[in-house]
Structure formats: C-alpha cells, structure tokens
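Below are two complexes that have subunit A in common, paired first with subunit B and then with subunit C.
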Partner chain A sequence: MIQRLTARYYSLLILLSLLVLFVLFVLHVAVGSVAISPATVIAALFNQPVEPFQHIIIWDLRLPRALIALLVGAMFGLAGAILQVIMRNPLAEPEMTGATSGAVLFAVLWLALAPAQTAQPGPVLPFVALIGGLVGGALVYLLSWQGQHDPVLLVLTGVLISAVLRSAISIILLLRQEVIGTVLLWLIGSLNGLVWTQLDVLWPWALIALSLGLTCASLANVLQLGEENATSLGLNVPLTRLGLFFVAALLTASAVAIVGGITFLGLLAPHLARRAVGADARRLFPFSMLVGAGILLAADTLTQAISQPVSIPVGAALALLGVPFFLYLVWRRKP
Partner chain B sequence: MNQHANDQPAHKTALAAQSLSVGYGERLVIPALSLEITMGAITALVGPNGSGKSTVLKTLARLIAPRAGVVYLDGKAISSLPTREVARQLAILPQGPTAPEELTVGELVEQGRYPHAGPLRMLREQDQAAIRQALAQANMLELRERRLDSLSGGERQRAWIALALAQSTPILLLDEPTTFLDVGHQLEVLTLIQQLNRRQGKTIVLVLHDLNQAARFAERIIALRDGRIVADGAPRDVLTADLLAEVFQVKAAIINHPVDGLPVCLPYESNA
Partner chain C sequence: MMTPSLWQRRRGQLLLCAMGSIVFLIAVGLLALLPGTPNLSLPALWSIVNGGGTPLARLVVIQLRLPRLVLSMLAGAMLALSGGLLQGSLRNPLAGPELLGVSAGATMVVAAITIFHLPVLLIAIPWLALVGGLLGSSVVILTMRRMGDSVRLILTGAAMTALLNACVIIFMSLGTQNDLNILFLFLVGSLANRTWVHVQLVLPWALVAMPLALLCARPLNILQLGDDVARGLGLPVVRVRLLILVLSTALVAAVVAVCGPISFIALLAPHLARRLLKTSDARVILPYVTLLGAALLTAADLFAREAFAPQELPVGIWTTLVGGPFLLFLLRRRFGKSRGAP
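Now for the complex of A and B:
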C-alpha cells in the first residue's frame, strides 16, 4: 500500500516537474530584448501563424538557446548526480572530473595558437573543447589510480588537477590578452548568442551521454553501497567506476564545450533532486536532469529579464545566486 | 544449543583457504593460513584486535586478494570464478557498512538481487519474493519505506542483514554483526542467524568479539592471534583458561552457564 503510494508520488512529481519545465521553457523563449507574450510563443512553437518577425525571433534566436539551456542543464545535473555516487560525496561536482578546466584550457590554447580562429570561435572550437575535457577527465582518472581507486583520492586529484589547469589558463590568457575578449563569456559560462549551429553540435553528444548515464542507474545503485558491499554483490567495481566517470566527464566536456564552465549547477541540481526523490539512482538520475534543466532555464530567463540591454552571463548569475542558496541548504540541515 | 546435529555424515567443505598470505602495503597480516569451513555449520572467528579476523573473512569473500595462496569456493578457486557467480553463492556483510542516508530500507535490500538480475535488471516475481522474505526474516517489513537516517542502530544493522539475506546465498559471512547493539538486540541478531542456519541450512562464518556469544551460537570457534590459528574446535575445547591467557593475555575463569551449561568465560585480570 505504502509502496504504491510512493510510486504514485513519484509519477506525480515527474509529471508536475515536466509541466513546470514546459512553463519555464515558454517563459524563457518569451523573455528577451523584445518581449513576446507566452501565448504567442506557444502558438509559434506549434507552428500556428504569428507575426513574421516574431516567428523569426522565436525560431531563429530564442528556441535554440532555450533548447541548449534545457540540454545543458540536464547534462550538468546528471553529471553531478553520477559524480556524487562515484565519489560517495554529496559535495562532488562536475568540475572535479577535470573535464571543465580541460575543455577551457584546450579552447584557450586553440584560440591563442591558431590566430586565424581568434576572430570567430567557429564550429571547430566545441570539438577542441570536448577533446580537452576528455583529456582532463583521463588525466584525473589516471593520476588518482594507485592500484585501485579510492574515492577520496579521486576527489583530491580532481580538485588539484582543476586548479593546475586553471592556472595554466590564466597564464595563457595573460600572455595572449587579445584572446580574453573572445573567451571571457565562455570562461564564466554563458548562453548568450547561441544558435542552431551550436545546438547541432551539442544534441548528438547530449543524447548519447544522457542515455548512457540513465542506463547506468542500477549499477550506480549498487556502487553507492560502498566498494566492499558492491563487490560482495558481484559488481565489477573498478569497471563500473571507470564507466560512470567516463560518462560524467563526457557529459561535462560536451556541455562545457558549448556553454563554458557553468559552476554550481552540477552541485545544486542533484542536491535538490535528492531531497525530493531520495537516493535511489533510478529516480535520482532522471530527476537531477529535470531539476538541472529547470534551474538553468529559470536562471537564464531571470538574467535576461533584469540585465537588458547588457546581458550578464548566466554562469555569473548562477554562481552569485547558487552559493548563498547552497549555504542556506547546508545551514537548514543542522539541528 | 551448540550440540547441533549435523545430518551429513561426511562434512562437505563450503569454503577452504590454502596457505593464505595477506597483507596491506608493507605489513603482512596473515603469514600462512589454511582452514576449511564446513558446509551447514556456524563458525566463529575470534581473536584480539589486529589478529586478522576481519582480514581472513574478507579474503575468504574475495574482497581482498591474497599475496599467495588460494581460496576455494565449493572446490573451485574463487579468484577464477566470475564475481557475479560468487555473489550468488556467498554474501558478506563487512563491518560498519555505509550507504546514502536518503535511501529507504526497501531500496537498500533490493540491491541484494543484483547478482540474480536478468539482462534488463528488472525485478521479477521471485526477486520480489526474496526481498519480502529477507525483510520479514530480519523483522524489517514494517520499516521498508523508512529512510536509513531515521533508523536506530539496531534497525540499521538489521537492514544490512536483510540486504545480505536478499542475496539468497547458501554461504553468509558476517563481520561483527552485533557491534553498536545493546545486549537485547545482539541476541536478537544472533538468534536470527542461528535460525537461518537451522531452518535453511546456511553456512555461516561470523567474526565475534564476545567469546560467550561465540560459545553460545557457534558450533566451532577458530581463535586467531597475529594472523595464525591458535585454536580450532568446539567451544568447550577452545574456551580454556590457557587459551585466553595465550590469545587475549587475560586471566579468566571458565564456568558453566547455570541455565544451559554452556561454557562462560569470566576474565578478571590483564596479563599484558
């Protein structure tokens, strides 16, 4: 009886979240330098006739940005949830894979060393960043290997490698200051100016990495009981950990490659999701995606609404709002 | 209580260790240890802190790879068997296990079906039945929907035992399953383990701190010191004043329990 109720609670929650997500999505498309009514947005999205200029604004400018926010938010959310399982640490976040700083470093290197590219980041940049992210992830994973993997060592290595890579980024930027203008928004994490070109690069990776992550949920459930229990249950712990780490690094690298280093989202989304649906990864993973997508859509809508005509990058706003909110969550936990 | 009649005339061996040598880093914990665990029996490993009891148990369960020597599960080298196949034969509950506190008892115990799961990892009818049975045996059915962070120490321990039971293995290894429990809950857990042995014929190996409980619930006690077996046999033969002096460095009187005549040791002075 109780069990059936919890299952119903969960389905209700998912339904409600999807509804909220749809509302946030429509609002995101509606808000901008030219305000469009939500009704018009819905009409345009369902290909009903609207004013031609509104159609262009919605379909060519705002829809891709909203879709990217949706995907990237889900990716950061899932990457964070996966890492918190691997590292058995509720404070783990995607940056600890080394994928964020790896992606940024490679992109900065690319812009600094290939002068022809400096004028326009172009479509090659995301791929360079993606490779950089995966290299960063591999570096963290290999350096934390000591015959076996200790989650604590993985966290420490992730933090250290990220710090080293970030200082490398700073040095390159100091030496090649003309690059700063191009990558500044991207260093902070921003959805500004993203169109279908970027979405086309993002969605295949998002699709692959998100589905890989969701399929691993039941393995993650066994892994989060700890190394000894998981082994006792017949799980190949090193292989599962490597697989999940790879998925998290892939999610982070491909998201960062498009929007830059958005922080706190990967920490906040799984945290909120865990409060709502508990720690069972089969619920936590999809819900972290929903929450991540919702937060990023809401944050980007908000920053766009209050920061016209100068648009604040959403990464800065998230860090600004995310830190006090997270502190509040931590404080509230104390008795 | 411990005169448990074994129906099988020829004692089959469930687990065997042959010249095991185990260490952590530079430190050699077990120099060379051989033992056989009889099928369908309750065996208790006792010994002072650092004697290697837990290490032996973990090595028997392939959680630690030995430097030398072989562990045989049902006659086959355990390191050569697929880990999931081992998990269908043998479950181990390590000491002080931790899981995310937001997990419910039901969600925890469900993981016990992992080694039996089909390709889609969906729980089938028999899995649900095994989970229900494990929860019922551990007296946790009513707490199924409760989160781990809302449980008392005793309930928590029973939840973990239920996880091991849901694994439905003929062999069960438990590392100090009674730590952090008051005496009432200790007896409850040990009685549950005894019932599993008697009713389902499970082979059980326990690491226990309390010698009197070992004498009460196990039919065989193996005493370890510095990674070596010092004594091995029926509780009455193992629990002697000489052995306690040798293994635990204590002077002790051994008396018979006034109610059921089982050996009880009463240490009174440290020799250390």
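Now for the complex of A and C:
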C-alpha cells in the first residue's frame, strides 16, 4: 500500500535523518582508541587549526573509514530496496543476487593464487571482487530465466547458487588453509584498516550505481503495480526486472568488493525505511539509503567503542541485529 | 492413501525400485571397503571377513573403513528421512534442514563448543545440537503465514542461516589458528577420520528416531490433504507437526554433531524418491528415502575419497556442488508451472 504522505512531512523526515546522519558521522570519527571530542572533529573537518596528531588521526585514518561506511551503507540499503521490489517480497536481501558470494569467491581465488599480495592488497583486489560479484549476479539471473522471471525461482536460484559458490570458496580455503584468517573478515564484512586507497576505488562505482538506482525509482513503482498492470501501462516487465537486478548486483558487488559480505543491512534498512515512508519507490529508495548509511555508521561506532583492544568486525555486530528482527517477524505474524 | 489395488498394480515397479537401490547400496558399500592403502581385492576382503588377511589390512578395514561406511549409511539415511518428514509435514518442496536453519543452528552450537573448549561430554553434544537446531527451525516456521508459502520459507530460512553463520564466524574470529583449522574442516561436513566412537554416538539416536519417524507415515499422509481436512479427520494438526519437527531435528542434530552439516542429501533424496516411485504416499516414500539417502551419501563419500586421491576433499563440499544445481534442475519445472503462487 502506498501511503499518502504530505510533501512537507517527507522533506522534514529527510532533513531530520540527514541531521542524524551528520551526528552519527561526527561520532564515528570521534570514537576510537584515541578519543577526540566532537567539537575538535568538526573543527578539523572544516579545516580549522587543531593539534597536528589529531589532524592526522582524523584525516588519514578515521575520515576515509567513515566515508566508506557512509557509502557502503547507502549502497546496501538501496540494493535491498530494489531487490525487495523485484522479488515482490519484503524479506529479500542483496545476498540473493549471488553477487556477495561471487565477489568473495573471486577475492579468495585472488588471495590464494597471488600470494605476494597478502592482507590488504592495494586497488587490484576490489576490482577482481567486483568482477566476481557481477559474474555471480549474471549466473543467478541466467539460471533463473525461464522465458520470463518467476520471483520464487529467482529466490531459490539465488540461495542455491550462493550455497554452491560458498562451497567453492571452502575448497580453496581447504587447499590453502593459511588464508583462512584473512578471508574470515571478508566473509562477514569488516571496515577495519580501510584508508583512502579503498575509498578511491569505491566512490566512482558508488556514484554510478547509486544514481542509476535512484533514477530507476519510477520504473520500480510501475513494477510494483503487478505484472499485468505494468505490462498494460506499456512497461517491458522482463527488461525492467533485468535492469533493476543488474543495478542491485552492481551495488552489492562494488560494496562487497571493499568491505566483504555484510548481511542483514540490505534486509533491515529497506524494512525500516518502508515503515517510515511507505512503499512509493521515489521516496523509499533515497530514504532506504539514508537508513542503511545510518545503521552502518552507528553499528561501526558501537563496535569500535566496546571492542577496543580486539576489534570485532562490524558485520558480526550487524548480524546480531538480526535477532530482534526475527523476533519482530515472529511477533508480527499474528496481527 | 494407498489402496490395496494400487499396491497390487504397482507392486512390481515398487519392488524393482527398492531392489535396485539395495543392490546399488551394497555395491557402493563394497566399493568403499576396497580402495585406498592397501588396495584390497574382493577375495582379500572376504578372507578378512572370515578372520584371515594380514594384520594391517584387518586393522584398516575393521577400524577405519568399516566405521566410516557404517557412519555414512546411518548419516545418509537419517538426513534423508528428516528431509522426507519436513517436506511432508510442511507441505513444502523446499523444506529441508539446510534451508530451515536446522543444520545452521546445530552447527552453531557445535562450533561454540569447539572454539571455547566448553567442558561438555561427548555424549551430550547431540543433545545440545538438538536445542540449536530447534531454535533455528522454530523461528523460521513461526514466521510462516501459510504452510505452502515457499518464498517466505526460503527467505526467512536463508536469513536465519545467515544469522547463525555469522555467529559461527564471530566465534571463529575469537579462536586460535589451530581451532580455526579444525572447525573449518568440521563446518564443510566431512566423514574423514571417523571411527567406531563416532558411530556409537550416532547409533542410539538412529535406533530411536528412525523407527519413530517411519511410524509417522500415516499422519504425514493425512497432513498432505491439507490442515482443514486433517483436522476434520481428527488429527491434532499442530501437535503432530510439532512432534514431527522435533523428530526430524533430532535426526539432523545427531548427524551434525558427528559429521558436520552435510547439505542437500535431505533436500534431494525425497524429491528423487517421489520421482522414481511416482507416488507421494509417505508409507512407501519414507522407507525408500531412507535407503536412497544411505546410498547417496555413501556414493558421495566414496567419490570424495577417491576423486582426487590422495588429497581428499570433504564430502559436504561435493554434496553441495552437485546437489545444489541438481535440486535447481528438479525444481525449475515445478516453479515454472505454478506461476503467481506467492
């Protein structure tokens, strides 16, 4: 059901969430092994004079991480929102495109075959992972094609192909057990140790994919009317689905290529966004981006604050958000 | 319901299928005992059975190969039976322990025990795995609105599995490198290096749960008619479904505790059985699926041992690599026909 919201309510909501996002961003930069006061952070961000070591910490270490969290969160949020429209189900998540496991598989292959580049190997690895993600997405899409697309079949194919790709990952890990430690972070998704190098790889893709996704919003709206209605309105349904699926896979693949397979974010963000702004894609898509970015920033701030000596990957903390989400689903079953 | 006339009409065909599977199982079982170091011939095996043979060959066959064979048969049978129960009672072709979060729940518990070196008796592990498995599956089933809703089932199941896997990875990131390697080998599901100790651990569960599961055939048949009809026939639907769920989780939990999560045997075997026998009568399907599961897993394990010998890739990888696409192939047509179902 498309809720009727006044334009004023919506713009107020957007403004408010932008404000919250800014606060979260500043907090994210402020929290860490060396605590910096938010006032100092804001001063440093606007290039006011601060102490040199704080300037270095903020600009060289924390700012890129916060920016990556912002972009990646927005990408997962948008990818989830798009997929939930295509699959006509509020429980779809980006992992079902096959892009996540494809990206991780290629990354693991790269790590195993090119042993010289261990740990965080420059700008090449994200590209390899991106290609893998797109291959995974294409595989799922082609295998679920049957003249036209059945959402059930798309979901089933996504889950099964992901399982198969994951077991291919396992083969590589078994043959080269020494990379397990590195790959573990990839499997769950982590923002640890990300600097400007990774951001430089991420932002062009993020810009392209996010704007592509946002321009598709009105098409997605027509698709939401149901297949027959959309067709009678002159929409090429299979082609639109393909396009949207491609955008979602691109978003997922480029995000996973940098931070690894973060689960639940792409499921949670659109869900919460839909509660707030309804199902109209022109409002849902941007708002879902904001919510995704906010959740990731908040989760990363929190994990950094509570796990100071050993840094727990942020993907783990996000997964734990899944627990209340499930309880909510169970509880909602009897309306 | 299988009327006597149907049984008489199809008896030859059903018996043929059963005989074929038994012969296949025996052949695979014999094959599993022969190759390796030392390579044995059939007569050599026969002499070992009769108490002869070299001490080394006796040791290898009786202490290493035989327990592994017994375990693969038991595990295959239990997994397949659990898949048959779940698919029947939820009336859903995608209900399998892998997709419902049963395997993932049980795995999480075992992973926690391994990483944190919890002081748990070996014999208690299946019980704890049972609790984990029930946790996973009950959440997924409670979120269902209708029994036949495949999309919702698979989506909540996948999300629940992702959540539980994330917990496993959290545990892994806390463990030492050595524990990590052990756990990783367990996580893919393997039958390597299992001995009579492991068989003893699974056997009581198999002996109790498998006959009980086979007794469920009649209520399963009634459940297939739909909840309303079943209720009308006097079946306490919710209670029966709960019982079947616990039973199938118990079957899976025991296997996971010993072998790790071996995927797609439970999902695949019932589909194959229904295709081969061309019936969905649980009284025929359940026994047959047990046989089929044992044969499938034994064959898969033989392949895992011998395909890249001396290097061995765990059987769980092969069942996923082969079973996943095969299941997709089997289900494509079915979902293509029932369009607009969700």
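For the reader, a short list of remarks on this structure follows.
The rule is simple: the second predicted complex is superposed on the first by the 320 of 335 C-alpha atoms of A that agree within 3 Å, B and C clash if a C-alpha of one lies under 4 Å from a C-alpha of the other, contacts with A are read in each partner's own complex, and residues count from 1 in each chain.
The working rule: a contact is a pair of C-beta atoms (placed from the backbone, for glycine too) under 8 Å apart; a residue touches a chain by one contact, two chains touch by 3 or more.
Values in this document were obtained by computation on a predicted structure and should not be read as measured data.
Following the overlay on subunit A, a side-by-side fit with no clash is recorded for the pair subunit B and subunit C. For subunit A, the partner that touches more of its residues is C, with subunit B and subunit C as the two candidates.
Shared-chain residue A:F264: touches subunit C; no touch with subunit B.
In the superposition on chain A, A:L142 contacts neither subunit B nor subunit C.
Draw one line from the C-alpha centre of subunit A to that of subunit B and another to that of subunit C; the angle between them is 80°, to the nearest 10. By the document's definition of touching, of the two partners only subunit B reaches A:G234; subunit C does not. In the superposed pair of complexes, A:V164 makes contact with subunit C only, with no contact to subunit B. Contacts of A:L329 after superposition: subunit C is touched, whereas subunit B is not reached. Superposition on the common chain places the nearest Cα atoms of subunit B and subunit C 8 Å from each other.
Common to the subunit B and subunit C contact sets on subunit A are residues 88.
Every residue of subunit C that touches subunit A in the complex is listed here, in rising order: 94, 98-99, 139, 142-145, 150-152, 154-156, 158-160, 162-163, 166-167, 169-170, 172-173, 177, 180-181, 184-185, 187-188, 263, 311, 313-314, 316-317, 320-321, 324-325, 327-328, 331-332, 335-336, 339, 341-342.
Residues of subunit B that touch subunit A in their complex: 58, 61-63, 82-88, 90-94, 97-104, 106-108, 111-112, 114-115, 117, 121, 144-145, 147, 163-164, 167. The residues of subunit A lying in touch with subunit B in their complex are 2-3, 6, 88, 218, 221-222, 224-226, 228-229, 231-236, 274-275, 278-280. Against subunit C, the residues of subunit A that register as touching in their complex are 87-89, 91-93, 95-96, 143, 146-147, 150-153, 155-157, 159-161, 163-164, 166-168, 170-171, 173-175, 177, 180-181, 184-185, 187-188, 263-264, 267, 312-313, 315-316, 319-320, 322-323, 326, 329-330, 333.
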